[in-house]
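In what follows, a structure is listed as structure tokens, so that the remarks can point back to it.
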Amino acid sequence: MTDISEIKLTNAQIAWRAAQDIVDGAYVNLGIGFPEMVAQFQPEGRQAIFHTENGVLDFGPAPEPGQEDWDCINAGKKAITVRPGTAFFHHADSFAMVRGGHLDVAILGAFQVAQNGDLANWSTGRGGVPAVGGAMDLVHGAKRVAVVTDHVTRDGQPKLVEQCSFPLTGKGCVTRVYTSLAVIDVEDGHFVLREKLPRISMADLQAVTGATLHTDGGPADLIVPETL
Amino acid sequence: MDKTISSLAGAVADIPDGASVMIGGFGGSGAPLELIHALIDQGARDLTVINNNAGNGHVGLAALIEQGRVRRLICSFPRSADPTVFNDFYKAGKIELEIVPQGTLAERIRAGGAGIPAFYTPTSYGTDLAEGKPVEEFEGHAYIQERWLKADYALVKAECADPHGNLTYRMAARNFNPIMAMAARRSIVQASRIVPLGGIDPEHVVTPGIFVDAVVEVTNPAQEEVLNREGAVYP
Amino acid sequence: MTDISEIKLTNAQIAWRAAQDIVDGAYVNLGIGFPEMVAQFQPEGRQAIFHTENGVLDFGPAPEPGQEDWDCINAGKKAITVRPGTAFFHHADSFAMVRGGHLDVAILGAFQVAQNGDLANWSTGRGGVPAVGGAMDLVHGAKRVAVVTDHVTRDGQPKLVEQCSFPLTGKGCVTRVYTSLAVIDVEDGHFVLREKLPRISMADLQAVTGATLHTDGGPADLIVPETL
Amino acid sequence: MDKTISSLAGAVADIPDGASVMIGGFGGSGAPLELIHALIDQGARDLTVINNNAGNGHVGLAALIEQGRVRRLICSFPRSADPTVFNDFYKAGKIELEIVPQGTLAERIRAGGAGIPAFYTPTSYGTDLAEGKPVEEFEGHAYIQERWLKADYALVKAECADPHGNLTYRMAARNFNPIMAMAARRSIVQASRIVPLGGIDPEHVVTPGIFVDAVVEVTNPAQEEVLNREGAVYP
């Protein structure tokens, strides 16, 4: 069996792939951390408009170190910048955008995604301090909810599962998962494999996936820039 | 991305018969007269219109009603200085009317934009307008359950817009316009000025562009109050 | 029996009396028409802040004829003016102020007020075109809801009644009524007479009132400027 | 009418033990540090605090917790770069925690300010955070009933204030501040500048003065992020 740690995509490559599905002018919310990388890989000629929960739309990239204005941050509490078109608003208006279905895409991380679209990404249920933030709002608000994630956990357990064992963030909300090995859609309670790395076999991919991978015609090759 | 459209006709071109259309404004203040007149020219009929009022004189919403385009009106206050058009249609049974308390109308529209399917309000409890609506008690007081209100289109009048649809308004002409922009599937804006991106201070944006789909510039827009004093009739 | 049409207060005198109960800095909404007169009679040294449903707080008086800006109107669609301190906001925010209990006083007109505080002021139930506006919101929002009204209808029927026969605007919402003959509080399901014109007897006042007038000690004299 | 107060101590003087206090800010952005520190000096304890977070480092809300003043915290995300204070109190059972999804927290607060005792949201449906809450179906989708959230006091950070309490904010420091000002019985504001009446354009007012009870000027307010990088500890 292939050692998937040798062939899997980097986070940057996963983010790049997710970025290819965002159309010009889309309103997009990127989860804190890894999902934020998606913003770096917008295809030439496309410009998404990014929303952050704490009340900023159409913000610019991080400022140079030392140039931060700590009144101008994103949901991850990282400094961002103003650019032509930026708008500020309060938290109720910000989540009106989210809950009201005005975002085209939300891209989030995941502990687990189930074949029915259930998402677990806020708590491993193992004690510690619970913290949910805006994830539960985003998963029921954006027109399309996608996940970027490693295909398996650090200790090799599947993150794509028949049923989530961790506490849910939302039910039936995820429609596409970009993993380190594949692009998988959630359709009618099934995982449908859309793209996979050419260098992994169907059998090996199925072996590290916790639920049956359906195909709808042959999956396409998942091809990303080598150098990311 | 550029949401500007060069003509009023183009801005309203895709509104089909039977559409629900929110129209901003409180009386004439903030009423998007040029968009309404473009909709009259365009010809869509059998419309459901959501507005605070029911038109005044023979321009704007009154003209749309007079042209027989409005099947149903949802409003709080169908009275005006010259309500002849609406009154005649209503008494002849040619238009349906749903009366909603003004604050409930505003909150239902805001709820539509904010993804809140229902909420409770003390307003109208114990009155005829609460008939048939669920009642629930919270902390010893009775409240009425009201549902969100959404529409296929919103016609919005703004003062200033940029190409991404960020908007400001002029004085009390703000009224229902920002919340209607939130609650419609497609929000069409007439702005007195379109400025380049960055031309609106990010702190002064009232409606962020995410709520806006199309912007058309109408410099020196007409005021309903002034037209009516001149006895104007559209078309 | 006294001919009350000879002795009753003018609308201006009723409005003057209502204005005496508004403290400095109070946030006040005045109903369209007659209640708007209350703004003219603020006592020296007091400055209420007026709210109008269509999204203006702390507006100034009507402009000179010919100076109207029709983007700057009140709920009665009359031109108003901007002054230092004015704020504009949208309709949902405006009724958040109303429904959220942020107004200190709303002063409205009435067709009927019942001894339990029920108010009927939006429809006579006799057909015609119904129109409610913001009245149903105001009566459940303001901390204090008062009514200014003639004591009787044009044809001499009581407006203060045991039970409203007209469709209600709100239940149990009115706490004080300023009439052309008296100042009457609603307390525990009763009308309590606080002030009456010295020139009308208790018996005559009771005769034109549709429910029992209680007293809590003797009523004070209702004294207003003669010249209004 | 003049809502300005000359000292921070005076602004928070009447907050009693056991009060519920909304504190604006998202992390350090918009956090009214000087008001929080004045509240620490003032000594009120047994407080219920509503904030998006749970403090960072040893200043502001973290310092209020560290001083043992907070009995209960309602927030969405009690994590930060340096969450030591909250974590220690939480693990020792010395503070109660209610976790609320961020958008639901914002909407509950807005509902508190707007007189809406309850509303329905899709957020948290089917999750542990919906346990025990009423579920209702609208148009084929399930929603959770959430209740308004109000407080005795709000501590708000604004950029500019006038004597009637009209406010503007600075950039993303707006966040929870405007809605908390709406939802508290008494809203106490620290503003970087107090300007004369008329000094704020009526179109640019974000929080109208009706939602504000007291304003104190704090020029050059501290930024939590900067204080924490300096290792600051209050008091």
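For the reader, a short list of remarks on this structure follows.
Going in written order, the chains are labelled A, B, C and D, and every chain counts its residues from 1.
The rule we apply is simple: a contact is a pair of C-beta atoms (placed from the backbone, for glycine too) under 8 Å apart; a residue touches a chain by one contact, two chains touch by 3 or more.
Bear in mind the structure is a predicted one, so any value in this text is a computation, not a measurement.
Comparing chain pairs C-D and B-C, the larger number of C-beta contacts belongs to B-C. Each chain gets a centre from the mean of its Cα atoms; for chain B and chain D, those two points are 34 Å apart. For the pair chain A and chain B, the distance between mean C-alpha positions equals 37 Å.
Our note on geometry: chain B versus chain C, Cα centroid distance of 30 Å, whole angstroms.
Residue positions 82, 88-89, 92, 95, 98-99, 140-141 of chain C are each in touch with at least two other chains. Residue positions 107, 110, 114-116, 121-122, 169-171, 202-203 of chain B are each in touch with at least two other chains. Every pair of chains meeting the touch criterion is listed here: A-B, A-D, B-C, B-D, C-D. Interface residues of chain C, counted against chain B in their complex, comprise 52-56, 68-73, 75, 77, 82, 88-92, 94-95, 98-99, 118, 123, 129-137, 140-141, 167-171.
The touching residues of chain D, when paired with chain A in their complex, are 26-30, 52, 76-81, 83, 86-87, 90-91, 97, 99-107, 109-110, 121-129, 169-179, 206, 223-226. The touching residues of chain B, when paired with chain D in their complex, are 107, 111, 114-122, 136, 138-139, 141, 143, 147, 168-171, 202-204. Taken together, the chain C residues at the contact with chain D in this complex read 24-25, 27, 47, 49, 51, 57-58, 82-89, 92-93, 95-103, 140-141. Looking at the complex, you find that chain D touches chain C at residues 1, 110, 112-116, 162, 164, 166, 182, 196-199, 202-203, 205, 208-211.
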